[in-house]
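You will see subunit A twice below: alongside subunit B first, and alongside subunit C after that.
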Partner chain A sequence: MRKVSYSVSRLQRHGYIFILPTLIFFTLFLIYPIISAFRLSMVEWNLLAPKVFVGFKNYVKMFGDQRLLNSYLRTLHFSAVSVVAINILAFVFALMLGSRLLRFKNFWQSLIFLPVVLSLVAVGAVWEFMYQGTGFIPIMLRKIIGVSPAWLTDTRVAPYAVIITYVWKAVGFYMVIYIAGLLDVPVSYYEAARIDGAGFWSQLFYITIPTIRNTITLALVSCIIFTFGQFAIQYVITQGGPSRSTEVLSLLIYRTAFQLSKFGYSAGISVLFFLTLLILSLIQLRLFKSGTIGS
Partner chain B sequence: MSSVRISEGISKTILYLAVILSGIVFVFPFFWMILCSFKFNKDILSVPLRFFPPEWNWDSYIRVFTAYPDFNFPRYILNSFIVTILAVVLCLFFSATSGYGFAKYRFKGNNLLFTVVLATIMIPFQAIIVPLFIFIRQIGLANTYAGLIIPESLTAFGVFMMRQFFYSIPDDFIESARIDGANEYAIFVRIGLPTATTALLALTIFHAQWVWNLLIWPLIVISTPEKVVLAQGIALFKGGYNTPYPEQLAAGVIACLPLVILYLFLSKYFVQGITMTGLKG
Partner chain C sequence: MRKVMLLVLMLVLLASVVWSSGQTATEKKRIVHFHWTETIYDPINNHAVEMFQAKHPEAEVELLLLPDADRQNKIRVALAAEGEIDSFALSNGGSAEFLSAGQMVPIDPKGFGKSTVQEVVDMWTPGALNTCGGVWEDKYYGIPFELSNYVAWINVEFMKEAGLNPATDKPKTWDDFVAVGKKLVKEEGGSRVRNGFMCNSKAGAFSYLVLLALMTQRGLDWGSERGLVESMDQPRQLARALTTYTDFVVKDKIWDPSLAEDDRGGFGTGKTGMFLTGGTWYWGVADHWGMPRENINPFPYPRYADGVDIGGVGYGYCLFVSRLARDPVLTFEWLDTMASQPNAFIEVGYHQPRVTLSDGSQALDPKLARSSIPYYDEVFQGELAKTSVWLSSTKGQQVQDAVWNAISSVIYGGSSVDDSVATLQSDIRSIYE
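Right, the complex of A and B next:
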């Protein structure tokens, strides 16, 4: 009897071999860098001269840095508006495509999903043309409602030009997650609700949303993480302009390190970025009290 | 009864209108990109707006490859294929092996180690680019494909997805293979992997689009022109002086095609994969 249990536990140890490559590479290329970001944020370094340990000086500097403050607020604004818009739209599309009244669901779904697989750098070019003064969007707007803002040159509007492009690009992915979630709501719930005389809205709020709560949490958390780090649209369409109105944190981290050669300071901003995101994600998970992820 | 039918008819009409309109909005920019790539430079932003090209310009697709000696697009395309394929294969390797290990073996520390791996979801790539670059440089991988590919192949999302998938496979298959005397790794290759095909294909399309389109990491790691990947090449091309619009758009269309084609072939696995792996939470 002892012999059997011994061999069973030996068998289970093969699990270590299976997870070993992942553990090694994740530790070296994800966990070590995030720890070393904290270390680097304590130095001044341009990659060439020797590192100078400066303690918390970079953090003190960050408090008075107007460019960083602007970038931080722009990132929060960009992320908040995008995440809300993406998730509402994705959920609405998932509901629409899940309707029993609709045919050719796969076709409609792939139309909305198409932007997800397109290269952002590539479609960035066409969006830039569409936003320009004589581009498609201003011309159509003037035709329909008579006016159009200066999408790429007005500091109040440019952030929304970037948001629209990003929402267009990302919605399809979250839509698919919501579609998968909706498939899990038992049809019998709706039938019972209909017999009780529940209308569309009460079915939505009392059945659909509570049942797919975990899906919503997962979609929101992953959407916040991806959106916070968004880089390519701002880099390609606006280059952070006009007047830094679209210079989000990832762009600032990139520029501070690789254009200004302030690697320590850039690492400090990365730490701020990481901690903000960590807090947001933890609040999210706590709010929804999702116990299933990872169990 | 008839009033129910009428209200259903109205709902149906509204639904179709909304779906068709959304479909048009979502496809339009890509469609517009293709149309404009066939226009001449002067027609792209001309007033009044001309929907279809007044004269068709077929040359931009040829000029992208021939007229700009500083930009070697065939090479960029080849580089992007190499990097994407290797990064996806590595990602599938890490995700499948560790997903299987976490799901099918009850070793000590399983939950703890999985939580650690899963927690790396909270480490956004953009937050570690600086220390990661310094590390890559220290170990001599700056300006190499390995330095580009290895970090691009790691995703906790993939590990999570494959673990959820392997959980849903009954252990009986594995047990009966064990009784037949097969070793653990042969079981993984002959039984585990084949059952996971759909999940692996879903991960393939998801990860391929991320790697193919990623801009920030190539911008940092790659510094010699021969190693530039397509997304980076287009960003540089677009940033160049006097690059005509049709050529920029033509390069963009070329960059989008491989993934559009991949998606057309794999799209049905995508939703299936997400559904069956319980990715929805």
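Right, the complex of A and C next:
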């Protein structure tokens, strides 16, 4: 039989060719736009008149921009509350669906997951109607407790209206992540714990949570990243109002570009946004180190 | 490696064959026009395409009917990308930015079969090109496509229900407006089911235009950049106008913004007794909502007892030929055709200020206008001479955003009027520094 000569460098060359389409795709649609955004942040441009190079002036302007600060704080508030609510609810649902006492598990699981597959815009439009003065939510609240807040026109309440909608939409996705994590916990751990007299809470805090630590980290950090970049739910329900109380960063970026025609400044804000998410992603990589093939 | 190179070469050849087979010889001259979509007007605009193509078999018009909120940005992006955009429609509030950047071509009289630009201008009512935003630095660019003015609207059925006489009790002053508004408010089971007045609670443009009229009535020139900046030195007048408007929500409570978002739809569905952002075209919209015409009346904007006799904002739309037009003269011919159906439009309430067509025949029939537009002479035409001027500025959107921030911080954020005025002064000055 003829021996086939094998060379590592030949294998590597073939490997590069195989990943070339993906590399081209990411270069064109990820790397190039990021570089372009950074270049655009150095100019003043409304798409109509010629670009005017201003260097780092846009970044200097950001430091005194109260509207940007407001958006940052609104985004942090939205993300913090949503992430905590989503993860607690998702974990509780996952535990409930893992319980032997619950019947029709597939039905409940599907019901909780259903909002995930719905269009975010459609969800926002329907919830907006439900929040209006004569909508379902205020009517039910007045019937049950006699009062209802002005969900979409009170600056203290509107952020929570958006959060409730977003949590309802997203919780099913993270529930599935937690279910997968819980399935990985060996049943023998619980059996041993029961023999030793451990109750539900002890099992939860000493077995379940430590064992699915990586799952919790994954869910938390990815939730933070996705939530931080939210745009559609605020745009559809409140358009950043009332009085900019729900104007998150992504909405400010959009508005600065496409309503105020300040594409350079908008690009600058998006670079800042990118750096924030980059830091969050690095935190994720640090906390959740993934293995590489052959390592 | 040789096999891989051969494979890549074959793929490139295949791609070029596919691409070239998709190219057909361009026989027709293409005209791509960006316009807004409105259910009642789209058939009329499509008919203009048919008429033009019948007259010019060598031409093909692609009429892009876009949602109004997206149109201006789509035009902007198409121009920036040097895409296919031969002509487009813009309002007088939005055209200045485009005109100042040289994105449009001055009117070519050859497109209308005329020798001079003045002959073209004379086909429209005097001053129409100016009001509709078609003039820049004394040159004519735009073909007027709509000219109207905001008036106040009231539901007379609700008036009668509230014990008011539609013939005599329509508000003449802002104090009357509040008094009538309070009577038109309706609550059921502790919930507001009808506002006395409402404006769009999310899109700031509409509140901006109402406040613009109020500011003009207080003697402030909000129709020019210089006048706007100078008006920031008059905080008392600014506060007076802002207070009038924000008190509809805060003090008088004739407007609960949580009831509904859209005033035009809200008026058409009975959620408000009055609104302030409708022109002649609203008759067509009311028909669309199924609101009987006899149930609603337009009336002149209320005035201040001690203010200037000025009504709602005058506005218009123009059609422009883009600097990227492949055949500007042919494109002006297309715009001429598009603006040649004023009688079809007036029947659905849409007023076009065209006097004569290019062939010299009558354009808009005044008798048809009067029969199609209830209160045409006594309200719309009467107020057209006293409209407040919509600011034509390259920074118009930023001004609008700043004004809406001032309004919404009072009605939603609980801010005081004085604080809002201070913020507005700071914002406007920094926009124009």
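The working rule: the second predicted complex is superposed on the first by the 268 of 295 C-alpha atoms of A that agree within 3 Å, B and C clash if a C-alpha of one lies under 4 Å from a C-alpha of the other, contacts with A are read in each partner's own complex, and residues count from 1 in each chain.
We adopt the following convention: a contact is a pair of C-beta atoms (placed from the backbone, for glycine too) under 8 Å apart; a residue touches a chain by one contact, two chains touch by 3 or more.
In this text, all values refer to a predicted model and were calculated from it rather than measured experimentally.
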Practice task
Have a look at where A:174 lands relative to subunit B and subunit C in the superposition and call it first, second, both or neither.
Solution key: neither
Problem - Which superposed partner A:142 touches (first subunit B, second subunit C, both, neither) - result: second
Practice task
Please indicate which partner A:91 is in contact with in the superposed arrangement: first for subunit B, second for subunit C, both, or neither.
Solution key: neither
Problem - More subunit A residues in contact [subunit B versus subunit C] - result: B
Practice task
For A:155, select first, second, both or neither according to whether it touches subunit B, subunit C, the two together, or no partner.
Solution key: second
Practice task
Check whether A:132 is in contact with subunit B, with subunit C, with both or with neither, and answer first, second, both or neither.
Solution key: both
Practice task
Would you check which partner chain A:110 touches, where first means subunit B only, second means subunit C only, and both and neither mean what they say?
Solution key: first
Practice task
Pick one for A:258: touches subunit B only (first), subunit C only (second), both, or neither.
Solution key: both
Exercise for the section: In the overlay, answer first, second, both or neither for which of subunit B and subunit C A:241 touches. Expected result: second
Practice task
Could you say whether A:46 touches subunit B, subunit C, both of them, or neither, answering first, second, both or neither?
Solution key: second
Handout entry: subunit C-contacting residues of subunit A that also contact subunit B
Key = 13, 17, 47, 132-134, 139, 258
Fill in the blank from the handout: Interface with subunit C, subunit A side, in the complex: residues 13, 17, 46-49, 128, 132-134, 138-139, 142, 150-155, 238-239, 241-245, 258-261
Handout entry: Parts of subunit A lying in touch with subunit B, wherever the complex brings them together
Key = 11-19, 21-23, 25-26, 28-34, 36-37, 40, 47, 93, 96-97, 99, 101-102, 106, 108-127, 129-130, 132-136, 139, 168, 171-172, 176-181, 183-184, 212, 214-215, 217-218, 222, 225-226, 228-229, 231-232, 235-236, 249-250, 253-254, 257-258, 263, 266-267, 270-271, 273-274, 277-278, 281, 290, 292-294
Exercise for the section: In the complex, go through subunit B and note every residue touching subunit A. Expected result: 8, 11-12, 15-16, 18-19, 22-23, 25-27, 29-30, 32-33, 36, 44-49, 93-95, 97-98, 100-102, 104-107, 110, 113-118, 120-135, 137, 150-151, 153-154, 156-157, 159-160, 178, 184, 188, 205, 209, 212-213, 215-216, 219-220, 230-232, 234-235, 238, 245, 248-249, 251-253, 255-256, 259-260, 262-264, 267-268, 270-271, 274-275, 279-281
Handout entry: Footprint of subunit A on subunit C - complex, ascending
Key = 1, 4, 73, 76-77, 79-80, 97-98, 100-101, 103, 189-193, 201-203, 256-261, 397-398, 401, 405, 408-409, 411-415
